[in-house]
Amino acid sequence: MIGGGPDSFIGAVHRNAAWLDGKFDLVAGAFSSSAEKSQQAGAQLGLDPNRVYDSYDELFEKEQKLPKNQRVEAVAIVTPNHVHADPAMKALENGMHVIIDKPLSFDLDEAKQLKKKVDETGLIFALTHSYTGYPMIKEARHQIAGGKFGGLRKIFVEYPQGWLSHSLEKEGNKQASWRTDPSRSGAGGAVGDIGTHAANLAEYVSGLKIERVCADLNTVVEGRNLDDDASALLRFEKGASGVLIATQVAAGEENDLKLRVFGEMGGLEWSHKDPNTLLIKMLDEPVHIYRTGTDYVADITKKNTRLPAGHPEGYLEAFANIYLAFGDAVQDYNRGALKEIKSYDFPTVEDGVRGMAFIKTMVESSNSNTKWTKFLL
Amino acid sequence: MIGGGPDSFIGAVHRNAAWLDGKFDLVAGAFSSSAEKSQQAGAQLGLDPNRVYDSYDELFEKEQKLPKNQRVEAVAIVTPNHVHADPAMKALENGMHVIIDKPLSFDLDEAKQLKKKVDETGLIFALTHSYTGYPMIKEARHQIAGGKFGGLRKIFVEYPQGWLSHSLEKEGNKQASWRTDPSRSGAGGAVGDIGTHAANLAEYVSGLKIERVCADLNTVVEGRNLDDDASALLRFEKGASGVLIATQVAAGEENDLKLRVFGEMGGLEWSHKDPNTLLIKMLDEPVHIYRTGTDYVADITKKNTRLPAGHPEGYLEAFANIYLAFGDAVQDYNRGALKEIKSYDFPTVEDGVRGMAFIKTMVESSNSNTKWTKFLL
Amino acid sequence: MIGGGPDSFIGAVHRNAAWLDGKFDLVAGAFSSSAEKSQQAGAQLGLDPNRVYDSYDELFEKEQKLPKNQRVEAVAIVTPNHVHADPAMKALENGMHVIIDKPLSFDLDEAKQLKKKVDETGLIFALTHSYTGYPMIKEARHQIAGGKFGGLRKIFVEYPQGWLSHSLEKEGNKQASWRTDPSRSGAGGAVGDIGTHAANLAEYVSGLKIERVCADLNTVVEGRNLDDDASALLRFEKGASGVLIATQVAAGEENDLKLRVFGEMGGLEWSHKDPNTLLIKMLDEPVHIYRTGTDYVADITKKNTRLPAGHPEGYLEAFANIYLAFGDAVQDYNRGALKEIKSYDFPTVEDGVRGMAFIKTMVESSNSNTKWTKFLL
Amino acid sequence: MIGGGPDSFIGAVHRNAAWLDGKFDLVAGAFSSSAEKSQQAGAQLGLDPNRVYDSYDELFEKEQKLPKNQRVEAVAIVTPNHVHADPAMKALENGMHVIIDKPLSFDLDEAKQLKKKVDETGLIFALTHSYTGYPMIKEARHQIAGGKFGGLRKIFVEYPQGWLSHSLEKEGNKQASWRTDPSRSGAGGAVGDIGTHAANLAEYVSGLKIERVCADLNTVVEGRNLDDDASALLRFEKGASGVLIATQVAAGEENDLKLRVFGEMGGLEWSHKDPNTLLIKMLDEPVHIYRTGTDYVADITKKNTRLPAGHPEGYLEAFANIYLAFGDAVQDYNRGALKEIKSYDFPTVEDGVRGMAFIKTMVESSNSNTKWTKFLL
């Protein structure tokens, strides 16, 4: 693991997700840009001190010298955005598979270079768009792909948070600090941190790509250096349109990602507040409440579920589903039986490139007086 | 009553609302542009046949000849939009108070003329933006006005319906027929029918006026002659921004108006699905579920509530609240004690003018390649 | 109207319910045991002072002298329980139809005498078990009667309130005062006031009669003279069993009547908090959310609905549905075309007798050390 | 691990829960009474074949011969109820700590013997009453213990499931097979399987012991050999009373454990459907929605939460909290610093004894004609 030291939120999430199913062992790490903090984290995690490194450069160097069967096989990168591309490139160059937090990189250029390197090396590269790991998101995607709703017309996705309603970044909050700092976060604030999740989810579930956006990015909290609020009108392929909201100043909201998709014959609704439920709304029928753990859901949904109906699964399980899919691909790679990468159903470097393009497009649109801006891939 | 014949939806609503509190009697009507249907409706309603008229012109003419204490005192106009302004003008000219369905008129010009006439005559003129009659909408407005949330930042209002997902207007549905016909409905389809409700509610509750919009109106169902889907980015006074969604092609949705407002210190959420509830979300506090019929709500909320907590009130009660407020004004007018019209807290001709301007602005914005369009009052 | 003066809750409800559909006029009343308060109420209601009476005896005497076509046709009795039977008997003796609040009477004997009188006179007699007027209660009953769930197995009904968590009766609260006073309320406190609603609803929807109960009645608040809390195990006809909860000391609860019925193949759930929704739960299927105002519900459901889907109706509308059904029967009676009384689908004197028997059975069971007590009809 | 082979539901749950936080390694197992199935499970789990045993007797024998620092330290017992006591006794005799699924044993006698052995050995013994691991259950218990609601009055706990609505046990379902078989499950069916969870949760949260019950156990599905449905009136210490429902024939229900507790000044509600939420209902206040991951909850709640607000945690996380607490105790034991066992806040052998006594009491009460049966400890 690279990153994920004492103040990290997402590092612990990656570890829990990797451990949950007993398929991954954490054997080495460079947990912080501070050597001391890295050692401290490694000790807390009970790692062999010889494999707790002062920097990721040291990690790559020393692991490379280990015999192949002892060496780190895959690297989880959970650093702030500006420290994504470099360790990811080096991991690939050292023959390690990579699972990395979103957004993929600091900017679109880095993202494209990473994609090139992934293509060259043929290694497994996963991006943790965690929400796509939820079983009912799989069900939603499955039902839409099966044509249940006819041609899609409207896609509404929203991701309201309230935690940045104040200048937390000036009150010593590490998470707020780097996420609102353009030198570490990149060109997007809210639009990068949560807007990319929302856009990715909308595209993943609908199967439609965003083609044009009309964005309104705001820096609501005075003195902040990045947008903390984003709204956009969207145009998708095949005539669908929609709205995206991603805001971190909806004071009192938690983390309430919500997706609604409507087609000619009905629609669906999924909310992160109640992630084991998918509402299916067909014209002139009662709304149907689909639930995880039931017999009537799709195979792909079942595959991403651990428990019978009525036993809630949550964020860590969704996250772990991405780890499981990544792990399957790594195993297949190792035994020389890698299938088409899309078939493993985890977010890839391509999703990462689209995410970085989305940030760029949204920022450009927001700065423009013209209504529509083409997706800048 | 003018309009409200056999195929009318809103005519029956107005009658129930007027009757509910025992304060209004229905004594006369011109219920349809068809004399026969008007008589039929009058008979069903048990009216004196002498006061069931073939046309509203006849109504005004004949009622005017009755002694003042027998004559119709106030007229409810519940016709399609293109038959709003004419009977409303004539009612005012005949000294009758008017309560009229929204949107106010066919276009902004008519609306302005009506406003002029109302100002001239000093008669009472109410517009049934029904949702503003809900007790928890009063509570929301009250709490915001009291400064509970600090300066407002974000306003999200949405009004998804699914009933126009097909070409109902070609299947003999009267409601769909006039509402999708520009010669009867005016320049706006969804934006006029439900978008005006959404905009009015957002302004009423927040106390902030919309200053600019960036709209995307769509005619989703092929062959339809008016928009059936509208989305817009909004800029309000005092730096607040927001999003408005009003769509009639969200297949499977009912009539799910929802408003969320966020300020510096918290926010609120109201949904038409559960109208007796108002969620109050303060930063770092549990969400508080405010409910109608309780002791802790504001006086204005109590005034608009009939039942103790736990006894649901609905759409007709909200509608009736507008009738009650209108009735109070009429009574005060009659005894020469009319107070400032705003103090009665019902939607007025001014709201109607803003509604028509909103439609015009949205249509113009949607046709423009420029991002922002100023509110065209 | 008899009762329904200044401090009455249910009097206003009856009036709103009667007025809502424009089918009833309030023309006379004896609104209080205090002549002064009766006059005051009549004046507020705008009645002809000649028909506001000092007592219900006076009402019957004077109305009887009016010409038949001017005379009160039906009487609404909304007094405390101990003043139910006497005015009801006198109304029937004077040839007036009766609509009366529940529970029917002070005790079972009175109830049986009333039933005898109703049978003798053939007049229309309705009991306002208001919750049975909800459209989704009609739908629930319809679906069960149609055999959708197979043989019924479990019936859970609960009615938690919190308003009597303190000794409100000692703080000048009129409602609390008579409802906790055995000399005015009868043998049952919570069990009479809300337990009868719960039992009636369970029987009405399931179509099954309670045969045995095992009750635990408690007087939770010190110094109170009647039960304020009741729970019971139930045995129904045809092998079904269940649980009933009716408590007025569930501090923080409003008025949350809830019914769940389960059969061999599925079950249903209805909650007063969201009365326009009925959850249908079939084995191995998604839960189906049935909603009022839709096309797919039963005719009887549609008949009890005024508005299209997504327009909430509430308690007054449900109450008004009982008035409408009662009015239909009165009209048919008047034109000599009365059908079988059950066909009008309003609660009758028989329901009232069962309600009084229920109270008696519950009290006796609670006082007994034997587990099961037969229903004492 | 003992048990948890191919057809086990709870075995996988224990493994996920143990793994989630990276604190436990699975090193050995006797996964089935069939040696072949045990080996198969061990292979699937990637265990060293030398430590996959044909029986738990072999496990104890062979592990005992390993050097202490390699030997199994704690045993998870996840077999059907009739194979609980024997391996648990042997584990304790072999100096191993035990974590065991509920109910504790086949009958009360076994339970008492186990308790005796635990007391003698001083080893750590945890019982996985999983629902007590939820953070909002901790919060509920904390708020009640702090006196927020005053003296407790009413406790309603219900646990409706629908999965045994048919004779699944005759259709080859392994779970249904042993759970409805008195020779494997013990004297209780639904009352043992889920009733014990409900009773334990009610006692844990309220801090009050059940003193008397009046139970109605039913075998609803024809031909079944154990109760599949249980209801009971409850009397708790200190004057509180309540109702318990535990049924497996509520067709269409999932696993909807729900607890409501009411005191003099308010109450709380927790539902397994939405486990990260706790409703706090104080008299004359808005209902407060407490949520996991927030700053305002108690320290014990925070300790049992992994993620910030808005990131749902579920059943596995709650289960893992019990493993974490058990692991803390084991660690303290190992370093000779064991604190008072209650302080670790996991369900102990005492809870297990109470659970078995609860089953016995419920069965006896159901067979009795006397209303109340004392808790048979």
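Lettered A, B, C and D in written order, each chain numbered from 1.
Operating definition for what follows: a residue touches a chain if its C-beta (ideal position, glycine included) is under 8 Å from a C-beta of that chain, and two chains touch if they have at least 3 such contacts.
As the structure is a prediction and not an experimental result, all values here were calculated from the model.
Compared with subunit B, the chain whose C-alpha mean position is the greatest distance off is D.
Rounded to a whole number, the gap between the C-alpha centres of subunit B and subunit C is 35 angstrom. Averaging Cα coordinates per chain places subunit B and subunit D 55 Å apart. For this pair, subunit C with subunit D, the centres built from the Cα atoms lie 43 Å apart.
Shared interface positions of subunit B, i.e. residues touching 2 or more other chains, are given as 253, 280, 285, 287, 291.
Taken as a contact graph, the chains are fully connected, with every chain touching every other chain. Against subunit B, in their complex, subunit C makes its touches with residues 9, 12-13, 15-16, 19-22, 26, 45-46, 161, 163, 253-256, 272-276, 291, 293, 306-317.
Chain contact summary for the complex, subunit C toward subunit A: residues 280, 284-291, 294-296. By the touch rule above, subunit D contacts subunit C in their complex via residues 149, 153-154, 156, 158, 160, 162, 165-166, 214, 216, 218, 220, 229, 231-233, 241-243, 245, 247, 249-253, 260, 262-267, 280-283, 285, 287, 368-372.
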